[in-house]
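The following blocks contain the structures, represented as structure tokens.
Paired with subunit B in one complex and with subunit C in the other, subunit A is shared by the two complexes that follow.
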Partner chain A sequence: MSKAATSFKLKNALTELDSLFQHIEQFGRSVELPKKQIFQINLALDELFTNIVSYGYTDSNSHWIVFRLSLVNDAVIIRIEDNGVPFDPVAAPTSGSAAPLENCKIGGLGLHIVKKMMDEIAYERRGDKNIITIKKQVRP
Partner chain B sequence: MELKVDVVPKAQGVYVVQPAGSLNSSTFAILDKEVDAILATSPNLLVLDLERLEYLSSAGLRVILKAREALKKKGGRLVFMNLQPQIRKVFDIVSALPSMQIFKSLEELDDYLDVMQKKVKSGAAPDA
Partner chain C sequence: MEIIESKQNEVNIFTLHGRLDSNTSPELEKKLAGAMQSGARNMVLDFENLDYISSAGLRIILKTTKDLKRTEGALILCAMQDYVKEVFEIAGFDSFLPIVPTVDEALSKL
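And then the complex of A and B:
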């Protein structure tokens, strides 16, 4: 059994995406993930982070969004914590392939990508925090 | 990672747009602006050459889908060139590709343009 973990926090600004990618790449390389899986994790976390930054806050203050990535056995477990407005990405409608893409709701396209790229996604509202937990099987 | 967008006029009404780097929620506006400028000229064909595009998220996809719709309304077309595997995968996930045409190389595109020009010269309507 192998286990590795990393934690970091980002401000609620889209300019933090570069930093998000750097953290994910660093983690991915340290646990020897293939490039393709690093790309998929990047994309899923980008979509969720972008949603939180774009729609999560009603004030103009700076907020922290906290990430924790770990490799447990053969899966990457990711936890994202923010103190924005309650938003459940699991229950939110996504744009399936049947619906015309142009009609899909804001954020729906991104969430559709997240659900396709990851194996499991769970949501919990705890106090004033949104907690999203994602699982991605990386070594079948 | 940054996004750099080159625009190469290829023929009358034909533009090749080459985004290089990362197309995401913090960079999509750069491509959006370039595409809008081209759309204002009512082009016949916009070629998205994605050879140097390393990353694409839904924010970037939305710019591309929006451009496709805008072109369609004016009787123009959007086609793709040089889709890298990881980029193609993003398109596949949202099932965005079937109705879009993809060229494997500049050669293929040139052939296509030749055929289109001949059709225009012979008075036949170009394929919509």
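And then the complex of A and C:
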């Protein structure tokens, strides 16, 4: 049984995406994840982070979004915490198929990708916080 | 992200380097819209050096495809890395977007 964990916080700005990537890559390397899984975790967290930054806040203040990643046995468990408006990504509709092109609805595409790339996703509202928990199986 | 623009036989080729996400996609959107305004009809996006794409990048590509279709033009994507291609497949975009292995093959289709 192996166990490793890291946590970090980012400001609610899209320019923080590079920092998000660096944190995930560092964690992924430290627990020896394949590049493909690092990519997939990065993509899922990018989509959720981008949603929070784009739609989560009604003021123009700076806010922290807190990430915690841990490897427990053969799964990466990720927790994302923000104090934005309540938003449940599990219940939100996703756009399953993009075709046909003419009537493709683009909204929900990011969440569709998250759900496809991760194995489990859960949401809870606790006080003034949104808490998303994700599980990604990384080893057979 | 770095975008290099070139032109060959009336086809606009955009070579992308780096990461295409919600932070960098407005830059690509601007470049593609600018080319269309200058009359570009057929475009190729070279993904050989693109390391990453998120749904924000997919949105720009979908929008550009729709806009070019209106003017009877076309957009072809080429030289995608496996991880990037998987994102297109998960989104279902591979069913209507032409994705080919090389720039030459893309050019031969336009």
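Assume the second predicted complex is superposed on the first by the 130 of 140 C-alpha atoms of A that agree within 3 Å, B and C clash if a C-alpha of one lies under 4 Å from a C-alpha of the other, contacts with A are read in each partner's own complex, and residues count from 1 in each chain.
Quick note on the criterion: a contact is a pair of C-beta atoms (placed from the backbone, for glycine too) under 8 Å apart; a residue touches a chain by one contact, two chains touch by 3 or more.
The structure displayed is predicted, hence computed values, not measured ones.
Superposition model on subunit A: subunit B and subunit C are shown in a clashing arrangement. Once chain A of one complex is fitted onto chain A of the other, the partner contacts of A:17 extend to both subunit B and subunit C.
In the superposition on chain A, contact of A:113 is made with both subunit B and subunit C. Of the two partner chains, neither subunit B nor subunit C is touched by A:66. Legend: residue contacts after superposition of the two complexes on their common chain; A:46 is shown touching both subunit B and subunit C. Shared-chain residue A:77: touches no atom of subunit B or subunit C. Here subunit B and subunit C are compared by how many residues of subunit A each touches, and C touches more.
In the superposed model, A:36 makes contact with both subunit B and subunit C. Counting contacts as defined above, subunit A residues 14-15, 17-18, 21, 36, 39, 42-43, 46-47, 50, 53-54, 97, 101, 109-110, 112-113, 116-117 meet subunit B in one complex and subunit C in the other. Taken together, the subunit C residues at the contact with subunit A in this complex read 19, 21-23, 52, 54-56, 58-59, 62, 65-66, 69, 82-83, 87, 90-93, 95-96.
Within the complex formed with subunit A, the subunit B residues making contact are 1, 24-26, 55, 57-59, 61-62, 65-66, 69, 86, 90, 93-96.
Of all the residues in subunit A, the ones that touch subunit C in their complex are 14-15, 17-18, 21, 35-36, 39-40, 42-43, 46-47, 50, 53-54, 96-101, 104, 106, 109-110, 112-113, 116-117.
Within the complex, the subunit A residues that touch subunit B are 14-15, 17-18, 21, 36, 39, 42-43, 46-47, 50, 53-54, 95, 97, 101-102, 109-110, 112-113, 116-117.
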